[in-house]
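Think of it as A, B, C, D, E and F in the order they're written, each chain with its own count starting at 1.
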Amino acid sequence: MITLPRKILERKLRSFLEEDIGEGDITTALIVPQGTVIEVEIRAKETGIVAGIEEALVLLRSLGLQAEPKVADGAKVKSQTVVLRIVGDARTILTAERTILNILSRMSGIASMTRRIVDKVKNSGYKTRVACTRKVAPGLLYFDKKAVLVGGGDVHRLRLDDMVLIKDNHLAIAGNVTRAVKEAKNKGSFSKKIEIEVSTPEEALKAAEANVDIIMLDNFSPAHIKKTLELLEKNGLRGRVLIEASGGINEGNVLKFASTGVDILSLGAITQSAKALDMSLEVVKVRKAKREK
Amino acid sequence: MITLPRKILERKLRSFLEEDIGEGDITTALIVPQGTVIEVEIRAKETGIVAGIEEALVLLRSLGLQAEPKVADGAKVKSQTVVLRIVGDARTILTAERTILNILSRMSGIASMTRRIVDKVKNSGYKTRVACTRKVAPGLLYFDKKAVLVGGGDVHRLRLDDMVLIKDNHLAIAGNVTRAVKEAKNKGSFSKKIEIEVSTPEEALKAAEANVDIIMLDNFSPAHIKKTLELLEKNGLRGRVLIEASGGINEGNVLKFASTGVDILSLGAITQSAKALDMSLEVVKVRKAKREK
Amino acid sequence: MITLPRKILERKLRSFLEEDIGEGDITTALIVPQGTVIEVEIRAKETGIVAGIEEALVLLRSLGLQAEPKVADGAKVKSQTVVLRIVGDARTILTAERTILNILSRMSGIASMTRRIVDKVKNSGYKTRVACTRKVAPGLLYFDKKAVLVGGGDVHRLRLDDMVLIKDNHLAIAGNVTRAVKEAKNKGSFSKKIEIEVSTPEEALKAAEANVDIIMLDNFSPAHIKKTLELLEKNGLRGRVLIEASGGINEGNVLKFASTGVDILSLGAITQSAKALDMSLEVVKVRKAKREK
Amino acid sequence: MITLPRKILERKLRSFLEEDIGEGDITTALIVPQGTVIEVEIRAKETGIVAGIEEALVLLRSLGLQAEPKVADGAKVKSQTVVLRIVGDARTILTAERTILNILSRMSGIASMTRRIVDKVKNSGYKTRVACTRKVAPGLLYFDKKAVLVGGGDVHRLRLDDMVLIKDNHLAIAGNVTRAVKEAKNKGSFSKKIEIEVSTPEEALKAAEANVDIIMLDNFSPAHIKKTLELLEKNGLRGRVLIEASGGINEGNVLKFASTGVDILSLGAITQSAKALDMSLEVVKVRKAKREK
Amino acid sequence: MITLPRKILERKLRSFLEEDIGEGDITTALIVPQGTVIEVEIRAKETGIVAGIEEALVLLRSLGLQAEPKVADGAKVKSQTVVLRIVGDARTILTAERTILNILSRMSGIASMTRRIVDKVKNSGYKTRVACTRKVAPGLLYFDKKAVLVGGGDVHRLRLDDMVLIKDNHLAIAGNVTRAVKEAKNKGSFSKKIEIEVSTPEEALKAAEANVDIIMLDNFSPAHIKKTLELLEKNGLRGRVLIEASGGINEGNVLKFASTGVDILSLGAITQSAKALDMSLEVVKVRKAKREK
Amino acid sequence: MITLPRKILERKLRSFLEEDIGEGDITTALIVPQGTVIEVEIRAKETGIVAGIEEALVLLRSLGLQAEPKVADGAKVKSQTVVLRIVGDARTILTAERTILNILSRMSGIASMTRRIVDKVKNSGYKTRVACTRKVAPGLLYFDKKAVLVGGGDVHRLRLDDMVLIKDNHLAIAGNVTRAVKEAKNKGSFSKKIEIEVSTPEEALKAAEANVDIIMLDNFSPAHIKKTLELLEKNGLRGRVLIEASGGINEGNVLKFASTGVDILSLGAITQSAKALDMSLEVVKVRKAKREK
C-alpha cells in the first residue's frame, strides 16, 4: 500500500546519502584507486525480517551500481544470510555503504518487531490486526510505515489529513463525545473515516450510538476492553464499529489484549523503539577495471 | 558542538511537521473552534534524560506559540515531570503535538541511553569517552548526534568528509595498513585526523608506527584490547595515538571494556536502537479568545 | 478542514511569488521611489464568492505589509466590493500585486462555481453533497480543494493515499467487483474507506453486498441512478452505503441528478474549468515615508 | 520559445505527481498485481487543440514507461482521437494517470481557447497578435505560457524582470507618463523593452513622443483605439511603437478590436478562465509479465 | 532594478550560510559561552565601492541580530572605513562571520571594478554604457548582477529567456543574418528585444537593415567599430539600432573603445575576474547578557 | 578528496543551469531547427590548468549529450587546446553552453592560480603545503575547494564543523590561548583537530604547550615566522605541531614565506580573486538528424 514510483523514492533516498557524504568521502578518495570494481554482499548479522530491500535497490541502481536482491522484503533471515549482492565502482559502493545499511537496519528492525507481534497474535488464532501509530521518526513517515507493512502490520492513519481521529485533547476542548462526532459527520468529508478516543465503556457506547466508524479504547485493561465490547454487544452496536485498543500494549502482554476480541491493537513502540537489525557489508571480490565514464 | 542558528533549524523542523500534516489537520479543523486558546504541558511519562527542548522551542515559536521550557536539555526527568509549557492557538498546538512529541521522544531516548552508559563509565572512575557512530536514522544526523551530545557522549565523525577513517573494506582493496596510512597522510588535508580500523594487535602496532591519529580496534575482546595497549606501550607508542574500541559493546559489558584503559568506546546502538522516552501533551486550560490575525 | 499553519503556507505562497518576480520587479525599481508608502484596495469586479483571503493575508504579512480583510472567505461580493485593504511599502505591494490577485481570482472562481451549485441543490431542498474530484491544477491541490471547501463543497479524496477508490481501469485488470472489494478489505488498512466505481445497477448491487463504503455510479443518467437506488433499497442495502454519481453533471442539469436521492454528486469542472473571479488592486493613497530598515 | 531541457522539466513534473500520490497509490497497490503490464490510450473527449504532449512524454518516460505520441502538440483533435499510447507497468501507469490527464487537460484547454481566437483574427485577414498576460495559475507559469504558444498566441512578458511595463498604479505614484518613461530609459537596462499603459489618446501620444517601445491602451473601446491610432499616425509616430489593447476583449468581440489595426490584443482569460479539454485514459490491453527490476 | 523582497532573499542567503555551517560551528560552541553578547564592526581593508550591504542586512536580521549600515551600497570606502555595525548573540555573529564577509567581499569586488571602468568612461565625457555579461559565478546570478548595478553598470540580459541574442554559434546553424533576424521577429514575442552578434561591418549593415534592436560587434578593434558606425550612418541606420562592442575590452583600453561612439561596451571580466574587496569583522565590545530565548 | 556521486552532483549542476535558462532559451528555440545535431569543441583561450571537466561531463551527460574529455582535470592547456568535444542536440548544447563555460572557467581559474603557487614552492625545493581558506564564493564550496585540489593545493577546513579553529575573535571573548585550547580539548570531539590563531611567538609557544594540533601565525612576516619556529624548536615543541602562516601572502612573496620552513601557507585569494580562465565553445560540424524522442 505504501509504495512510491522509483523516481520519487530516489530523491528522498539521495537526500539521506547527501547528508552522510557532505563534500565527499575523503577516505575512499584517498585510499581506493579510481576505476576499482568490487563485488560485495550485505549480510544479516542476526535473525529477523528484512525490509528496505526495495528502497536499497532504488538507491543503489540510481548510483549506477548492479544490485541483486538475494531475499525479498518480508523474508525471514538469520545471521549470515546474504541479503543483497552488489557489483560496481568501489568508491561509489563504499561511499553509500553506511546509508544503505542504515536504511536496511532501521526498516528491518521495525519489520522484525512487527512480525513477531503479528505472528504471536495470528498463531494464537486471533483475527486482531496489529497497527502502528503516527509515532514515527521525524521525516521517515514513508520508511517507517512501509516497514510496518512489510512486517504484516496495519499502517493506520498516515497523516493528519487522512482520517478524523478525535482524541482526548480535542474532547477537552470540544466537550462531549456525541457533539464532537456529530460535528465531524456534518462538516467533514464523506471520504474520511471517523475515529474517536474514549476513556470509559459508557463513552464508547455513546460513540457507537453516534455512528462513528472506529472507537479507540485508550489505556483500557483487557478486562475493561472486554466489558466495553459486551456493553456494545448488548446494545446491538458491536457489528457497526471497529474497536481499537491502544496504550500499554507490548510483546509480552499482546495476547491478553488480543484475546478480548478487539479488532485492532496499536503500538507506538513498533516504529519508535524497535531495535535495528544488525547487518554488514563485506567485500567479496576486488577487481581492477577500466572506469566507465 | 552541534547547534544551528534558529532559522536554519526551523526549516528542517518544519519539514517534519509538513510531512505529518499533509493538507491539514482535519480533526482539529472540524472539532476545535477557531480562536480557541489553550495552555498545555508536555510531561515525561518515565525516567530519563531530556533532549530536544531547544529544537521543540524553535519549532513551537516559529508557529507563533509561547513556549516555556521547564527543564533544560540534559536534565534528568521522571514520570510526570513537566518538560514544556505551551500557550497559544489550540488548533496550531494540536496540529503540532505529535511532531513535537516525536522529536522530544526520539532525542530523549538517545540522550537517556547515552547518559546511562556515560555515567556507568564515569562513576567507575574511568576516563574513557563514550561515542556514537554514523549509524543514525537516515536524515536525522543533526538530531541524533545532538542527542548524544546532550547525553554526554562524543559525536565522533559527523560525515564522510570530516575525518579519514580507513576501515576493513578499504584495506581489502588498498592492501596493508602501512601503505594506506602513508597514502592518506601524503594526499589528505592536514586539517583532518586519520583513523584506521585494525583486526590484530600487530596491525595496531603498524598503524601506530605509521603515525595515525586514532586506531580503532574492531571487535576486540577486553583481553585483546589490553594486550594491544601493552604492545603499544612496550614500543613507546601508546602516548602518540588514541585507541577506540568498537563492536560488541553494550550497557551490560561496557565496564569491562572501559577497564582496559582504552580511550574511546563507540556504540552504534546509542543512535540506532535506543528506546524512545515516553512523553505526552496534556491540555491544562482552555480559554476562548479573539484570534490574533 | 484544509488548513495549514501559517509558516508552512508561507513557503508555498512565496514560491508562487518568486516565480513571478525572477530577479526583481524592474519596473517598480525604476519608477517607484524607495521608501514610498501606499494604501491600496483589492476590489471584486464582478459578483461571486471570495476565497483566498486567508492565503493572501499570510503572503502579504510575511512580506511585512499591513493587510486588513474587508470580507471573510466565503462571503458574497459584487462589483466594487472591497475585499482587502493593504498598507505598506509601495515597491513590495506592486511587486506582489499580480501573484496576490492570481491566487484570489482562481480560488474565488472555484468557490463561486461551487457555491452556485451547492445553493441550487440546497435551495431545492436536497441533501445531496456536492464534491470536487482530483482534477485540480497540477501543484495547486491545497488551494483548489480549499476553495471548494470555502464554496461549501466536499473535498472528496485528497490524494491517492487517503481512500481506496477502485475505478474502471483497476477493474479492467483485477476482474470483477466482488473480488476487488474483498482484496481491498483484506489487505487494506482499516483506517481508509473503500469506494468502487460501477457501470451497471447490477454491479452496484454486488458492490453493496461486498460491503464497500461508497459506490460511484459512473456516467449514469438520473433515471439509471434512480433505478440503482431502488435496486439497493429492495435488497435492503441502501442504508449501508453512500452513493456518489459522477460524469456529465453540470450547473444546468444538477437538480435532475440531485432529485434522484443520490448522496454525493461530484464534478471535475469545479476545479478544472471554473472561470476566475475578476479582481483588481487600486492605489488609494500615496505617501512618502522614511523607509524602515 | 518556452522549452526546457528534459531533466529540468522532469523535476517540475515530478513534484506534481508527488503531490497527488502522497505515500502511495493505495488502491493500485491493493488491486493490481505486481508485474502486470498494460497498454493504455489517452483519448480526447471533445474537439480542441492538444498541448502538453511534450510534458506528458517527459514525465511518462522518466517513470520508465514507453510512451508514443499519436498527435503532436498543436494538433487539432476531436472526440475519440487517440493522443498518446502508453505501455508499461500497470501500477505506475495508473498511479500517474490523473496527473498526466490534469497536465494535458489544462494545457490543451488553454491552447484550444488561444487557437480559436488566433484563428478568428487570422481568418479575417488581420495581422494582430493575440497575447496572454501574467494572469496564470500560481506556480504554472511555464505550463500556461507554453500552452498559449502551442495555441499560436504570444507569451507577452514572462516575469516582472523581463520587460518594463509601467501600469496605472506606477503612474499613480510616479506622476506623469513622460517623466516615468524618461526615468525608465535612463536607468533601465538597454536590453529590456519599455511598455506603458495609458488611459487616453493624449497619454498615448505623450508616450510615443517619449519613445517607448510599446503602448498599452487599457480598457479602450474599438472606437477609442482607432482614434488613438489616427492621432499617432497624424503625428508621424505610429510606425515607431507597437500598440497593445487590453481589457474587455473576448472571443465574441475580438474581431472588432482586431479591425482597428492595433498590433497586439491581450486577454487574461486565455490562461485564467479557459475550460479544460476533457480527456481520458483507457486500458486497451492487459498482460502479465515478469517485472523488470 | 535587481532587487528581491526580503523574504525571498532570505532563503537564498540562508542556503549560503547552511553550506558553511554543516551541523554546527564547533569552535564557537566550545569556546564562546552561551548568552554572550558582542558588538562588532565590519571594516573595509582597502579602497573600493561597497556592495552587498542590503543582502548582509537581510541575512543578519533574519538571524535575530541588530545590524546598522554605516555606509550605503554604492558608497566609496577606504581602508578602515566601517561598513556595518552588528550587535547581538556572539555565537550567532561568529557563526555567520565568514558567510557575510564572503558576500560583501565578492559583491564589493565586482562593484569596485565596475565603478572604476564606468567612471573612466564617464569622466572622459563619453555616454557609452558599461555592461556585464552572463559570465557570472554559477548560482550567483542575482548577486553578481546586483553588484554590477551598484557599481553603475548595465546588467544586460539576465537569462536566456529575457532577450533574443543571436550569436555566432546560432548563425553557424541558421545560416545568414537576415534570415535569422526575420525568423526571430516573426516567431518571437513582441515583448523581447532582438540582438545579433556580427563579425564584419557588412553583417552589421544587414542586421540593421533587418531591423534588429541591438547589434553586437564581436571582437572588433576600435578602428573596426568606427568603420562600422560610419557605414551604418551612411546608410541612415545608425539611429535605429544600439551598437554593443564586446571582446578584448579591459580597464586599460576601455577609453579607446568608448571613443568610437559605440553605445554599449560589455566585459565578462567584471563578474568573472574581479578581485574580492578585502574586509574583516572585528569584535569591539564583549558583554555578558541574559540570552533572550 | 572532494568528489560526489554523479547523481548528487547532477542536482547542484542542474540548479545552475536552471537559473540561467529561466523558462527557456528563446533564441535557440527561434533560430535552431528542432532535431539539428551538432558537434562542438570547448577550447582554452589562454594558458592554465583545467578543472571542472568532471563536473562538465556530469552535467552534459545528464542532458543526454555525448561528451568526450580531451584533457583530464589538472592538465595544463594553452590557447586553442581542445578541452572537451560534445556531440548532440543543437538546442540542448547551445542552451547549456554558458553554464558549462562558467563552471569550467571559474574552476580552471582557481586551479591555475593554485598550481602556479604550488609549483613555485615545490620547484624551489620547499615542502610547504599551499592551502585555501573558507573564502569561497557563496554556494560554491564544493566547486571552489575541488578546483584547489585539482591545482594541487590543500582544501583546509571545509566547513565550520570539521575542525576547531580558534580565531582572534574567539580569543577576544574567551580570554587566553591556554584556557581556550583546554576547553576545546576537554569538551570537543576526539575526531576533530584543533587549530588556534596566534599573534605573537609567545602565544604560539603557549599554544604548542597546550598541545594543539595546528598553530596559525596570523599576519606574521617571514622573519617573525622564523623567530617563532626557532622558539618552538628551542622548547622541543616544533615536531608536535603543524605551523600555518596566513595573511599577506601572494604569488610575489610566497617563496619568502616558504623559505621559513613553515608547514602550511594559506591564501584567501586562491578562491576569492583568481582570474577566470578564458574558454569558448565552437561549433565544428552541423548535421540534420531525426530527433530522438
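The rule is short, and it goes like this: a contact is a pair of C-beta atoms (placed from the backbone, for glycine too) under 8 Å apart; a residue touches a chain by one contact, two chains touch by 3 or more.
Quantities reported herein were computed from a predicted structural model and do not represent experimental measurements.
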Shortest path length from chain C to chain F (each step joins two touching chains): 2
Lowest number of touching-chain links that must be crossed from chain B to chain F: 1
Identity of the chain that, by mean CA position, is farthest from chain A: E
Centroid spacing, where centroids are CA-atom means, of chain A and chain B in whole angstrom: 22
Approximate Å spacing (C-alpha centroids) for the pair chain D, chain E: 32
Between chain F and chain A, distance of the C-alpha-averaged centres to the nearest whole Å: 44
Set of chain B residues in contact with two or more other chains: 1-2, 21-26, 30, 95, 141, 158-159, 161-163, 187-189, 192
All chain pairs that touch each other: A-B, A-C, A-D, A-F, B-C, B-E, B-F, C-D, C-E, D-E, D-F, E-F
Interface residues, chain D side, partner chain E - complex: 1-2, 129, 131, 154-158, 161-163, 187-193, 195, 214, 242, 244, 263-264
In the complex with chain C, residue positions of chain B that touch it: 10, 14, 17-18, 21-26, 29-30, 62-64, 91-92, 95-96, 293
Residue numbers on chain F that touch chain A, as the complex places them: 1-8, 11, 57, 69, 141-142, 145, 158-159, 162
List of chain B residues in touch with chain A within their complex: 15-16, 19-28, 30-33, 36, 38, 40, 90, 94-95, 97-99, 101-103, 105-106, 109, 134-141, 143, 158-167, 169-170, 172-174, 180, 183-184, 187-189, 192, 268-269, 272-273, 275-276, 281-283, 286
